[in-house]
Amino acid sequence: MGIQQPISYDALVRRDRVHGRLYTDPAVFSDEMDRIYHSGWVFVAHASEVPNMGDYLRRQIGRQPVIVTRDAHNEVRVLFNRCTHRGTMICAKERGNTATFTCPYHGWTFGVGGELRGVHLPAGMGSGFEKSEMGLAGPPRMQIYRGFIFASLAADGQSFDDYLGRGKELIDRACDMSPDGEIELSAGWLKHRFHANWKMIPENNTDGYHVYAAHASLLKATNPFASFAFDEDKGDISITRDWGGGHTEIDFSPGYRRKGKPFLWFGGVSEAKLPNYVARMEQAYGKEQARKSMMDGPPHAIIFPNLFLGEMNISFMVPIAANEVLQYYTPMLLKGAPEVNVRALRQGEGAMGPGSFLLPDDATMSERNQLGLAAQSPEWLDLRRGLEREYVDENTGLLSSGISDEVTNRAFWSHYLQVMSRAA
Amino acid sequence: MGIQQPISYDALVRRDRVHGRLYTDPAVFSDEMDRIYHSGWVFVAHASEVPNMGDYLRRQIGRQPVIVTRDAHNEVRVLFNRCTHRGTMICAKERGNTATFTCPYHGWTFGVGGELRGVHLPAGMGSGFEKSEMGLAGPPRMQIYRGFIFASLAADGQSFDDYLGRGKELIDRACDMSPDGEIELSAGWLKHRFHANWKMIPENNTDGYHVYAAHASLLKATNPFASFAFDEDKGDISITRDWGGGHTEIDFSPGYRRKGKPFLWFGGVSEAKLPNYVARMEQAYGKEQARKSMMDGPPHAIIFPNLFLGEMNISFMVPIAANEVLQYYTPMLLKGAPEVNVRALRQGEGAMGPGSFLLPDDATMSERNQLGLAAQSPEWLDLRRGLEREYVDENTGLLSSGISDEVTNRAFWSHYLQVMSRAA
Amino acid sequence: MGIQQPISYDALVRRDRVHGRLYTDPAVFSDEMDRIYHSGWVFVAHASEVPNMGDYLRRQIGRQPVIVTRDAHNEVRVLFNRCTHRGTMICAKERGNTATFTCPYHGWTFGVGGELRGVHLPAGMGSGFEKSEMGLAGPPRMQIYRGFIFASLAADGQSFDDYLGRGKELIDRACDMSPDGEIELSAGWLKHRFHANWKMIPENNTDGYHVYAAHASLLKATNPFASFAFDEDKGDISITRDWGGGHTEIDFSPGYRRKGKPFLWFGGVSEAKLPNYVARMEQAYGKEQARKSMMDGPPHAIIFPNLFLGEMNISFMVPIAANEVLQYYTPMLLKGAPEVNVRALRQGEGAMGPGSFLLPDDATMSERNQLGLAAQSPEWLDLRRGLEREYVDENTGLLSSGISDEVTNRAFWSHYLQVMSRAA
Amino acid sequence: MALPESEMREIEAFLIVEARLADESRYDEWEALWTDDALYWVPRRPDIDPAKEVSHIYDNRQRIGTRIRQLKSGFRHSQTPASPMRRVLSNIEIAPAGAGEYEVAANFMLMELAIQSTRNMNFWGGRIQYRLRRVDGQLRMAVKKIMLIDADEPIANLAFLV
Amino acid sequence: MALPESEMREIEAFLIVEARLADESRYDEWEALWTDDALYWVPRRPDIDPAKEVSHIYDNRQRIGTRIRQLKSGFRHSQTPASPMRRVLSNIEIAPAGAGEYEVAANFMLMELAIQSTRNMNFWGGRIQYRLRRVDGQLRMAVKKIMLIDADEPIANLAFLV
Amino acid sequence: MALPESEMREIEAFLIVEARLADESRYDEWEALWTDDALYWVPRRPDIDPAKEVSHIYDNRQRIGTRIRQLKSGFRHSQTPASPMRRVLSNIEIAPAGAGEYEVAANFMLMELAIQSTRNMNFWGGRIQYRLRRVDGQLRMAVKKIMLIDADEPIANLAFLV
């Protein structure tokens, strides 16, 4: 073990393969925190999680604790969970509603907007002390798109529009499943911890190739109808897409369309069971667009690096170490669609979370992936599936291929290489 | 993550602030072990813990295990808990009395003074083998001041007198609470583990500013009298002091004096309840000095880096990692004052240890401090309280200020910077 | 903590002593993985553990997971437990029998010989994809000597013959305890975890000096006969040997011979209790050689770096970290000797494993050794025992000395230095 | 109020059998303990409204069936091989709930060895509320609500029978 | 010697209720279980003399009151929010001690989630000796002595009701 | 089938005493609980054949004696000092086995503090099968088979009385 050299990522990421070290080396993880999580744009929370003035919740941006609040001007704020006096974590509760945060150590009081309200025995701070300069810090950049809150810990760098890019279309499709055009993340989060590298999650979430093997047990356990999600022939015609910027998708809609029935993405519930939803959607978007939404369903897509639009669920991920990660899940509730939401809760329990029918097997795959990578031969992971048959789709203009092809993984890695190659 | 550079501490410690990295970076912790704990003077134990010939107990000096013994010449010895044959820890029991330590691995026997007594099958060791050269090693330097045992693992460097400096006056005040001028640490140690950096403990212990917020629950729970220790107006007139060399104090005596009643530092017990103590003190020190001691009480002070004179308790601390520390506490029993000691036990249980009314909240503050420092904005911890109003007190010649001012923390850090700036 | 320099091992390993850092420094451990476990020859398993076609079991080579199988050609194979597609650990079960391994992630199927059998939706892999190139990888070099499977993860380097050297004679002696010349490791493995450096195990296993102290409790608990293994006078005449290449032995046979009774190595069971064994041995090897084997017993020897021939037990060790190791044990069953084997099981339980009468004390010694080495004085471990009286034995031509001498430990370290001094 | 001793022993014995069948992944026998109106519930917090919030598990009788079929499929990778585990049940409180029903509560701790992946030992603990009912003289389980101490923290796979 | 079954059940039920009130940080109800001469004791070693050595907790009735007021103040930061926890009580041994008193012992394990700071799960375990007394027909707790296995090791905050 | 309550309490009390004597390393009293044909068994897997496979512990009465003498020798370094520990026994199932014998099973968890070396807290858990026999009116232990959850994983020293 000699001197530690900077890592050259272009030697580890190739068009058709990536090196195992990227998942196992703590030095790579440290670089990722610097270059991706502590400077680039990351998903933090959704505005519907803090609907009312004074609402707050705790999150992480990379390894750094933040509080998301709704301030006195009814604005969403992201604040570091660190007192400006001596650095104490001011908020221990995971969520709640408050007028102020009082630091338990010396009693400084901050407003929900982060402004410093009160200092115990203020005279002692001296003449140079300006409360206005001592409010809670926040990320230099924060942007909200249709309720999705993103932040960057770097003052400069890629613009938000450039970062999100065509990922907006994916978020639009999710939100437009609601007759009011709004989603609500009010069902609470299921939280999952496993011993794998964080990158396995965005890779896995839009990997269509693993379904038949990794989720074989569910195919066997459920009747043909319920297992429609895994219908073989649909498999053939569903599509993996590279949306640019590391954003990726599996588009199941071609399969649904071929069957010609709506709501196949929703357990195939009949329209008759959702009369108000159908009516409100047609009212809101017109019959044609409403039909299209109900036929195609919400997106199944990754927004780089840590957000997963999982059809009727929203998920995000928190990297802990090279070999440990947290994944959070919640049903995507649709404003103005109570009929849908009660079903979405039960469907979410079936699909997502440590006790569900799907995610535990994905978590085990990721853990076994991590364990396997301790073996150093072969050195590389193979990413060539579909390289020879991927194509640019004329309707979308996106690099695309069949569901079982690794278009999405290559899309993730090519963007990863670009980001990691920027000097920290 | 590139090449690891030596850390320049003067960039991280400023007069009015310190950088968060000092609490979180394992490389800083490693430097601290080298420069403070494994070369400077540190408190190890008190002679009263090994009163009789053959008594021993285990301790740590930084990360290194030692045994403190009372040898056959009735001298206190500090010995490394490592067999000179193959390095086995020879003493596993935490304390006891013995004539010899027998290494369990190959049976070498050492006297309580560390001398090698017996070697199994000695002939095999060869002609060059001299028992006299193979006794247990000890720290190159060890000094005892009024029973307080300090050691340095460096043969050269700052002298003990220079290290302890005016800290002697603080130790004197503690010991002179006993009519015999001796304290006895025979009540056993409460041991506390928490996930925070060790430096938060000396900082916290002489931080007068945190009492109103961090210990608000005790103020609310106890009746005015019992809560005298936190009396507002006393707060205003108690004093924080920089004793030099990183030693710091909160002097509560001005508050006691103003009330004009003795023993306010001892739950305000009436003299009538301690007739023999009062008599013996006056006998021993003369009425005036005795009155003064009973009025002012024992010191509330830090001896750098790891000893806390906590009024009627003694405490020390063991650093484990950048984010983990142990704290030990025991009531300070006074030789010749049984009336006092039985009360001191109960008072100690109220104030100190993981189950007490005070320390759990301090531990939680330190842990939340550590958690908050994971957020990297602001980068600095603020230490400016009282900078503009601190003054040199004419009686003591010490830099001083009101109880809520950070004189003590600045005193800790300026000494820390000096020590850490010495090349390892 | 400055820049990390390469470690010069010749400064840490001397003829008569070794430096404590070799046991505690993670950088040393990392070098050991590179230079010993991930490039040199190491014991992996025994062929009798996979007797039938399709049998498999999991092992580690250093930090890397492998599967040992019996393939379709009835050949023993060592394969990395890592799918060639995306690196998933393909085999989670510890042992079993199978025709194929199916990767749970995307369903690729491999034969027990490692060959890639089936790929789900193979077309997607493209024209360049050759199944024949995508079989499970294995160590570049693998050799079996009398059923003992060794592997090297380096394509080049020391030859197997050169590595095993005269260690073959030790393995021969073990196997020749069976009338059929074969041992069978079918009794299952006891697995032991403790917090010590891996090197303490080969050192301890052929350290004759520790028996009287470390195992004093067994001497006291057992009656003279059963405790024969520790008979004082035998101690004096048993011999420690350096077999070269880091292989070491304690030869107890001189003690047995002096007593002139066979099977003293086997609890002193009388021949009358093992009539068939005695008969079959004489038949197989001739009366003289059979008598010799039954008199001298199986070897008590270390094959560098991780195999222990522990008389009627076989043991190997898995390094986990600088301060953590696993040790595995199983009785050495003798093909064609059922009378012996049932006793060997009970004898193994007495001697080996976390619940036995011997190994728990060795494990505690190693843990206490590790704890003691945290103290940094003296810096060195003493290895001089017998340096002045060791001699080259004319019969064997081996450097030898009495049982209590550290010939074996010096032999381990001199080989260690040679291996570690090779640039990684 | 107080039930006869024999009835308390009978109920305790039922809980112990249910725990053993779960510990040993005896799927069919465990499934057979349920009533038709079964609810197998692992909420994120003890007090959530399942009509508004998501739970880790909220299985009706049909979904319990699916869960068991999945576990028996041989491809439930997160339980292949099944985790060796044992749980201790204690602090049992029993109250009659009329019509041959009982409200029962107990605390538990469960050690689960994740041999299908990390081989880590996972520690689970919390409180269980059962609703038991006598059906044709036999005790059956109508509700099992497992309130994990760390249900609202990031937890490991919960793919075994908890 | 042997108590009637009903009396043993009554005593066991009392211990179970006491444990539940502690687990759920139901401070007032828990405080109400104590007699006036209460002793709530967590020694550093089972056998120490409290007149000579210090304990983690050595509360008389008044100090129990202070402890409860502190916990209820809303500012006991080391229990704000209160730790979610559950304990299993077992190996219960009951002996009559005359005059409506009972000497009771049990082993326990407790999982405590430190959500006010690290969110670590802390594991506590040991043996408890109780002295129970019948007061106006009701069982009350006169002594609860909790002997933690690691009482003499460095331990985490013990600010909850153990 | 169902035993009288008093007999069940008697058997439970025996198990609790056996556990306490083991927890407290009271070696002689523990040894005295065994019958002459004793088997103290910690298998590597619940179902192994001891004639073909090795176990962690497979002590007959004589070997139990040796084990106790070793522990009492003062030189059993792996238990010097002895580990402080406590175990919880629960899920007790009792079946008469004729001729004054009983087949008993229970689950357990044990916290053991390795103060002789690392001072780590070790967590042990599993299922125990006992064979009890009435000898001269007293219950005695003929078989204690401890099936550790992680018996086939690398485990820490098992030198204490499990």
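Chains: A, B, C, D, E and F, in written order; residue numbering restarts at 1 for each.
The rule we apply is simple: a residue touches a chain if its C-beta (ideal position, glycine included) is under 8 Å from a C-beta of that chain, and two chains touch if they have at least 3 such contacts.
Being a predicted model, the structure only gives us computed values, none of them experimental.
Engineer: Using direct touches as single steps, what is the fewest number of steps from chain A over to chain F?
Structural biologist: The fewest steps needed to get from chain A to chain F is 2.
Engineer: Mind listing the chains that sit against chain B and also against chain C?
Structural biologist: Output, common partners of chain B and chain C: A, F.
Engineer: Which chain's C-alpha centroid is most distant from that of chain E?
Structural biologist: C
Engineer: With centres defined by CA atoms only, which chain is the most remote from chain F?
Structural biologist: With centres defined by C-alpha atoms, farthest from chain F sits A.
Engineer: For copies chain E and chain F, work out whether under half or over half of the interface numbers are shared, and give different or same accordingly.
Structural biologist: On the two sides of the chain F and chain E interface, the residue numbers are mostly different, under half being shared.
Engineer: State, to the nearest whole Å, the distance from the C-alpha centre of chain B to the C-alpha centre of chain E.
Structural biologist: 32
Engineer: Whole-Å distance, chain C centre to chain D centre, using C-alpha means?
Structural biologist: 45
Engineer: Cα centroid separation between chain A and chain C, in whole Å?
Structural biologist: That gives a centre separation of 48 Å.
Engineer: Once you find the CA centre of chain D and the CA centre of chain F, what distance in Å lies between them?
Structural biologist: 28
Engineer: Please list all residues of chain A that touch 2 or more other chains.
Structural biologist: In chain A, residues 3-4, 92, 94, 104, 214, 216, 361, 364-365, 368, 371 touch at least two other chains, as defined above.
Engineer: Would you pick out the residues of chain D that each touch at least 2 other chains?
Structural biologist: 5, 75, 77, 88-90, 109, 116-117, 123, 153
Engineer: Chain pairs that touch, all of them, please.
Structural biologist: Inter-chain contacts occur between A-B, A-C, A-D, A-E, B-C, B-E, B-F, C-D, C-F, D-E, D-F, E-F.
Engineer: So in the complex, which bits of chain D are touching chain A?
Structural biologist: Those residues of chain D that touch chain A are 42, 44-45, 48, 50-58, 63, 66-67, 69-71, 73-79, 116-118, 120, 152-159, 162.
Engineer: Which residues of chain C touch chain F once you look at their complex with the stated criterion?
Structural biologist: By the definition above, chain C touches chain F via 94, 186-195, 214, 216-218, 220-222, 226, 326-331, 342, 345-346, 348-350, 353-357, 360-361, 363-365, 367-368, 371.
Engineer: So in the complex, the part of chain B that touches chain A is made up of which residues?
Structural biologist: Listed in rising order, the residues are 1-4, 20, 23, 209-210, 212-214, 216, 361, 364-365, 368-369, 371-378, 381-382, 384-389, 402, 404-405.
Engineer: Provide the residue numbers of chain F that touch chain D in the complex, in ascending order.
Structural biologist: Going through chain F, the ones touching chain D are 2, 5, 8, 88-93, 107-109, 123, 125-127, 149-150, 153.
Engineer: Which chain E residues qualify as touching chain D in the complex?
Structural biologist: It is residues 5-6, 9, 13, 16, 19-20, 23, 84-90, 109, 111-113, 119, 121, 123 of chain E that touch chain D.
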